[in-house]
Amino acid sequence: MELLYFAWVRERVGTGQERIDPPEEVKTVADLVAWLAQRSPGHAEAFAEPERLRAAIDQKFVPLDAPLGRAREVALFPPVTGG
Amino acid sequence: MELLYFAWVRERVGTGQERIDPPEEVKTVADLVAWLAQRSPGHAEAFAEPERLRAAIDQKFVPLDAPLGRAREVALFPPVTGG
Amino acid sequence: MIRVVVTPEPINLATELAAIEANGAGGIASFTGIVRADGGVTELELEHYPGMTEAALTELAEIAAERWSLLGATIVHRVGRMRLGERIVFVGTAAHHRQEALEACAFLIDRLKTGAPFWKRERRGDAAEWVAAKESDDHAAERWGG
Amino acid sequence: MIRVVVTPEPINLATELAAIEANGAGGIASFTGIVRADGGVTELELEHYPGMTEAALTELAEIAAERWSLLGATIVHRVGRMRLGERIVFVGTAAHHRQEALEACAFLIDRLKTGAPFWKRERRGDAAEWVAAKESDDHAAERWGG
């Protein structure tokens, strides 16, 4: 699974992109966030407050309780602020 | 009193501007319209249907029942269609 | 800053937008009206009331500037003969926030249609016809109250 | 015609307006967002999600085009670093009637703020800070329903 991070999530994790292979019990985006938080101190800092995160699966916005299903690309980021 | 005509009012009257001196009993714009209608066949055609006319006194829109007061410039024209 | 222009010359959009942007706002809204081939129209002619037109447009711009705290408002209206595709009117508004700029822009074009002394004549080949006022324009102007 | 551009280059207003006018509409509405000196901001930086950004903007433009029968819709969003006074975003809409163009333009800028993957970072001299999302933007986006 390809992971993408943007804005301060990217900065805290320390990279904008990584390839991971989560265990079977990681079924939703929220599960993924909790699992990722254990990977490094940077991940822990980025994913400490899941309520501050937003997500996209295969380039579509999804809520954090969305199932990962057959996701190829999952992006995690703060609420958007364009325009 | 300076009279100005625009659009089809101007075309029917045959001029865009004339100086007139209405009698004392002409007190409102509507009185003026009725009085003007008698001046020529062109005026008669232009002023036959007062409900199709709009007016301005000294460059401010006014309703037809507005008093002429000390008007120096009265304009008569169809409803506006700019923009 | 308020800018009102009534002119027989073509409207230069780049010039007008540069002028409205020069007010230092965060948001610029604009509306441009263009001559359409409505029912076979080949040319449009705009008559106006010199002096009163400029005063009426300036007053409209001042009302909008106060109501929406604008940093700038521009109204440019062309008069005389225009061909298909040419610009009839440009309205631009500058504000700190987008909502103010957008609303003021809609207000100005709605009110301009019923509150400034312009008269349109459509030409279709050799035939010319004065355009009748639209009730929908009255309703659009009235929705702003005042 | 729908035109979506995400670019690190300055936005050329004259080019964009000419493109949106080329749709042959009677009314063109536009909104331009500009970098302001809000609370001492000296520079703005825009990050985005390449691929998803273009798809999200195209979908927004398609929704607007259908809902307001647009003849054209343009969204140009700049990314990367921008100085004060530079354009961040341009939205243009072309329709037969002014109301449709104006409403669709307001819709697009409201929805773009909450529905496309952009992130703003404000620089004040050497300090940089990610901009927090505004609740008022959520409300503005929600008023369009759907």
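To keep things simple, chains are lettered A, B, C and D as they appear, and every chain counts its residues starting from 1.
In this text, a residue touches a chain if its C-beta (ideal position, glycine included) is under 8 Å from a C-beta of that chain, and two chains touch if they have at least 3 such contacts.
Since the structure is predicted, the reported quantities are computational estimates derived from the model, not experimental observations.
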Chains touching both chain A and chain C, listed by label: D
Chain A and chain D: spacing of chain centres that average the CA atoms, whole Å: 26
Euclidean distance of C-alpha centroids - chain A vs chain B, Å: 73
Distance from the mean Cα position of chain D to that of chain B, given in whole angstrom: 49
Touching two or more other chains - residue numbers and ranges from chain C: 33, 98, 109
Residues of chain A touching at least two other chains: 83
Contacting chain pairs - touch in the sense defined above: A-D, B-C, C-D
Touch list for chain C against partner chain B, complex: 33, 46-49, 51-52, 55, 77, 88-89, 109, 112-121, 130-134, 137
Complex contact set, residues of chain C against chain D: 13-14, 17, 21, 24-36, 38, 85, 96, 98-99, 101-102, 105-106, 109-110, 140
Interface residues, chain A side, partner chain D - complex: 4, 6-8, 10, 56, 59-61, 75, 77-83
